[in-house]
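Dropping the structures in below, format is structure tokens.
There are two complexes below, and they share chain A, which is joined by chain B in the first and by chain C in the second.
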Partner chain A sequence: MLEAVGMAEGSSKSLDGIELVAALCAAGSIAVLGLIIAFVVAEGAPALASGILTLENRWEPEYDRYGLYTLLASSIAVAVGALAISVPAGISSAVFVVEVLPPKLRDFVKVPIELLGAIPSVVYGFVGYKVIVPTISSAFGIYYGQTALAASLVLAVMTVPTILSLSSEVLASVPLEYREASLALGATKWQTIRHVVLPTATPGVLASILLAFGRAIGETIAVVMVAGCPQQLSGPIWNLLQPVYPMTAAIVMGMGEAEIGSLHYHALFAIGGILLAFSFAVNAAASLISRKASIRLRL
Partner chain B sequence: MSAEGRKRLVAALAILLAIAAVALSLVIKPGPTREILVITGSTTVLPVVEECARECMKLNPNADIRVSGGGTGVGIANLIDGICDIAMASREPGPEEIARANETGVNLVLHRIAIDAICVIVHPVVEETLGEPLELKLEDLREIFTGERRYWNQVDPRLPPEPIIVFVREPGSGTRGTFEELILREGDECIGYEKHGNPALRDAVAATKWSIGYVGLGFVNEGVRVVWIYNEELGEYAEPSKESARSGIYPLTRYLYLVTDGVPPEGSLARDFIEFVLSPEGQRIVEEVGYISITERAED
Partner chain C sequence: MRNRGIPGRAILAMSALSTLAVLATFGYVCYLLSTGASALKPKFLLSSILEGGILEPIVGTLYLFAGATAIVAPVGTLAAVYAIEYSPRGKLSRLLDGALNNLAGVPSVVFGLFGFTLFCKILGLGVCLLSGWLTLACMMLPFMVRSVEEVLKMVPESVREASLALGATKWQTIRHVVLPAAAPGVMTGIVLSMARVAGETAAILFTACFYTMKGLPTSPLDPVLTLSYYLYVLVMYKPGYLDPSEVFALALVLFALTIALTSAAFAIRAYYRRRWARWT
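For the complex of A and B:
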């Protein structure tokens, strides 16, 4: 490797110490990623191979019933519910911060919202458990307030910072000439935002939404604390007032006591594999879209 | 600085660091080596073992006992893999665990250290409506926890037709395994909302009107009400308590175990520790934590 890198940079120069350390660190990180994927796939494969995973609406490892519908539908319901709140909120605050606020005041709004993203997720879970869940049960007259709605609300607050900070970067990188040209043609400020700035920034904003979706699907502890965890969904997927059992929750609930090598153990790794696939797909899509965005922005 | 010179500098720094690390480890390490005992497993047994470990280390300053939770499954797996010396278990090892132990030549030896009673608990509103503790037979429990009876008026005509909200423990929980073994018939499945750990389940019942669940006796607090269980042999309802559990009147009981690989040899720290847990002092700790001592003598 030493030689190869040295040759790439010109045959006279060999790799020096600091570069070697950096290369080792990078190689180490890639190796860790590779090992994680290999481990999850190897441990999850027996579950897929033995065909214990079904699509029925019943997740009950205690009786070796592994219906993925319950978990997948829960994860999707919760993530979509969260984005339904955080996407409008995140994008409109990004527009407000970038387009409306004078630059000097930007940080007064942006920094506190971005700090929301720095709060440990267990704190969100705790607040959700003590505040949102009782509020939901009294507001909707249901005894058990741990529902998809509670999880969605918690995740909505957690994903707003992701959308805001990425979207505002994209909005800010829309060239000033675009706005000036639009205003010069007689468009109002709102028309400029609506017809010039937002369409230009769309790919980048979409990428931020995808990353927020990835965060919502993968979030664990805050969700476990408010989701309810039933062994089957009692209503259709769009009913946000039912308790749900997202994939991450199933792993947390099951891992501590699953016998190593049992069906349950392999099933949980298979779920982990599905989560990994979700986050790879989301990240790949986001980077594809934002690559497209930078080309458009440079036009 | 030339590339060659930088390379030397980095090499020299690396060597210096290595020397410093070795020197530091010599300085920090205490003189006499302490005997280490690693214990992992059931969070149900954890509070007893933690307290016993603390007392044991006071008596024997050369003992270094490291206790952590993780669950019965983790404890037994660690014991089989040689990661721990003693596993804490709130159930007997399952067939797959025994098979894996046999494969690796590990001989699982179970030491009973305490009795735990499983309490069925309800939200206080149930008892307030009845004006007396709720009394259930094992068959009532079976029908409630399998979802055959869904409304409280099907349990007792004096109760309103409110839905029964059922909380159960997470899959693999020792408490859940024991509870279901005690109340279910072949082919039955418990259905409810899963909660991770005794405190979480108790708090869920305390916070949710018209709910029912089960926890270890030591976890009952004033936020919930206990259910009296019918003893079929005696023909009477028994209140869950230490006395009724030890005397066998209360039906929902189980043993708590420490598990070792073979019988620990005389004089080993593992042997000393297990003997300490079974001593009057250890059994006093068992009672303090809220379980029931295995030796009747410990009861004053």
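For the complex of A and C:
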């Protein structure tokens, strides 16, 4: 009996120890995010403080010209171009998979699409470089196929799985009763989708689009390989047939050359900070919207 | 009313077409990379990059797997155990939830910047395998924790109660009842993390990789070549170093590796979802 009590006490002590270790692991995971923010801000701050970052259309580190317009406009043009393709493709495919396809066949579509999302970005970059870039240069008769259009097309393929898998989950979670009520009132299948299912699912679908936008802005290697990376944009932001230099590409190209502690080096971390801010904003907006969605769904 | 049925059907037909287009894209990528199969000979896989092979990148990728998952698997599992078993509604668990959501969205190149500053520069490790392991482990954390959390949530409460009723302590219950039941979730997390590590380039570009001819790393403090990094270098800086068909073969190896790992993770997940579905 005494032994049993002793054992129980002993194990309750070790239990505390283990709970502590587990709590430390959880705290460590939170600390990683904190450290990322801290280091990016600390290394980016000197660039902001020295006032070298401007909004002009010139990113020429060798002349200490750090105009953010080139990079920001490139990132946004490429991401918007990608979503212009992947949003309609992803949402309409999600509608087809959830509403039309018999449940038994769903996995035959969903599994390949999830695998599409698992292909490494360097492989996408390689395929884009080998196929999309030469196709663009011959189709439009331009010398450089490495353009905003090439990057948008690669990113479109990369973001379709995000939109499709998230929004098909949202569509599938619309209660069956809603559909039955609509069908019982004499609505057709399409009318039910258009007026009942889609409006109910809208917030969740919007959240999936936001997350896809975040992925497109943050995507790196695939974009570096097909975007061309010029030091300034030759045309207006909506010209998709010009080479572009997105923020992520500037970091990859710059980190190889920038001397540690130089203005260029700090400028690259400042761009990292902008990317970080983009991803947090996108996440916050997406979770805000989907929180509203769950309230609507629980009605 | 009647004439609205026709455009509706047309729109649904178009949605079928767009699904087909997405599937066709996947098929096309598979087809394109399969053209590299002709160059996929044992000699290519097993000889050094100096002799036009890809031995170092293959072994380097395996090294990177081994270390990064060895770090992230225990840390991620314990963090998930804390969040689900010890303190499901605690402040720390809620903070963890928010941190993981944001961590999952951080671009990989920013992980690279972070890893370079903390591991290579401040801790003085330099550009090496160890810095790459640590950077990738940070990047994998959200996937690992989420996989374990998902399956821990599926383990029925009655199983825990039965164990506690038999006099087992909280930790004994977790150790002997909950974790064995959650093992497939841990496996999914590990395999999914490996798939991500295999394909990652931006995060290791300035933390772990050098394009050197020094051969295989002999210690964790040596830089490493991986399949993903080598493919990037071959396309961007060394076009013509290998035959085009050999570059396709390299991309095919990388593609097959990630697809195989991801499919394995999906299979394990489907298995335990079906298994626990009977309980709930």
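Operating definition for what follows: the second predicted complex is superposed on the first by the 278 of 299 C-alpha atoms of A that agree within 3 Å, B and C clash if a C-alpha of one lies under 4 Å from a C-alpha of the other, contacts with A are read in each partner's own complex, and residues count from 1 in each chain.
Note that a contact is a pair of C-beta atoms (placed from the backbone, for glycine too) under 8 Å apart; a residue touches a chain by one contact, two chains touch by 3 or more.
Because the structure is a prediction, the values reported are computed rather than measured.
**Student:** Quick check on the superposed pair: does A:Val174 touch chain B, chain C, both, or neither? Answer first, second, both or neither.
**Tutor:** neither
**Student:** Contact-wise, after the overlay, does A:Ile260 reach chain B, chain C, both or neither (first, second, both, neither)?
**Tutor:** Both chain B and chain C are touched by A:Ile260.
**Student:** According to the stated criteria, A:Gln146 is in contact with first (chain B), second (chain C), both, or neither; which is it?
**Tutor:** So A:Gln146 only meets chain B here.
**Student:** Looking at A:Val252, would you say it contacts chain B, chain C, both, or neither? Reply first, second, both or neither.
**Tutor:** Both partners.
**Student:** Does chain A have more residues touched by chain B or by chain C?
**Tutor:** If we count touched residues of chain A for both partners, the winner is C.
**Student:** In the overlaid three-chain picture, which partner chain does A:Val224 touch, first (chain B) or second (chain C), both, or neither?
**Tutor:** A:Val224: touches chain B and chain C.
**Student:** Touch test for A:Val21: chain B only (first), chain C only (second), both, or neither?
**Tutor:** Both chain B and chain C are touched by A:Val21.
**Student:** Given the touch rule stated above, what does A:Gln232 touch, chain B (first), chain C (second), both, or neither?
**Tutor:** After superposing on A, A:Gln232 lies in contact with chain B but is clear of chain C.
**Student:** With the two structures laid over each other on chain A, which partner does A:Glu60 touch: chain B (first), chain C (second), both, or neither?
**Tutor:** first
**Student:** Thinking of the overlay built on chain A, is A:Val244 touched by chain B (first), by chain C (second), by both, or by neither?
**Tutor:** A:Val244 contacts neither chain B nor chain C.
**Student:** So chain A touches chain B in one structure and chain C in the other; where do those two contact lists coincide?
**Tutor:** In chain A, residues 14, 18, 21, 224, 252, 256, 260 are touched by chain B and also by chain C.
**Student:** Quick one: in the complex, what on chain C touches chain A?
**Tutor:** 4-5, 7-9, 11-12, 14-16, 18-19, 21-23, 25-26, 29, 32-33, 74-76, 78-79, 81-83, 85-87, 92-93, 95-96, 99-103, 105-114, 116-118, 121, 138, 141, 145, 169-172, 195, 198-202, 205-206, 228, 231-232, 235-236, 247, 251, 254-255, 258-259, 262-263, 266
**Student:** Applying the document's contact rule, which stretches of chain A touch chain C when the two form their complex?
**Tutor:** Where chain A meets chain C, its residues are 8, 11-12, 14-15, 18-19, 21-23, 25-30, 32-33, 35-36, 39-40, 43, 88-90, 92-93, 95-97, 99-100, 109, 111-116, 118-123, 125-127, 129-131, 157, 160, 164, 188-191, 193-194, 211, 214, 217-221, 224-225, 248, 251-252, 255-256, 260, 268-269, 272, 275-276, 279-280, 282-283, 287.
**Student:** Considering only the defined contacts, which chain B positions touch chain A in the complex?
**Tutor:** Within the complex, chain B touches chain A at residues 3, 6-7, 9-11, 70-74, 76-77, 94, 96-97, 100, 162-163, 165, 170-174, 176-177, 180, 189-196, 204, 207-211.
**Student:** Inside the complex, what are the residues of chain A that reach chain B?
**Tutor:** 13-14, 16-18, 20-21, 60-63, 65, 134, 137, 143-144, 146, 224, 228-232, 243, 245, 252-254, 256-262, 264
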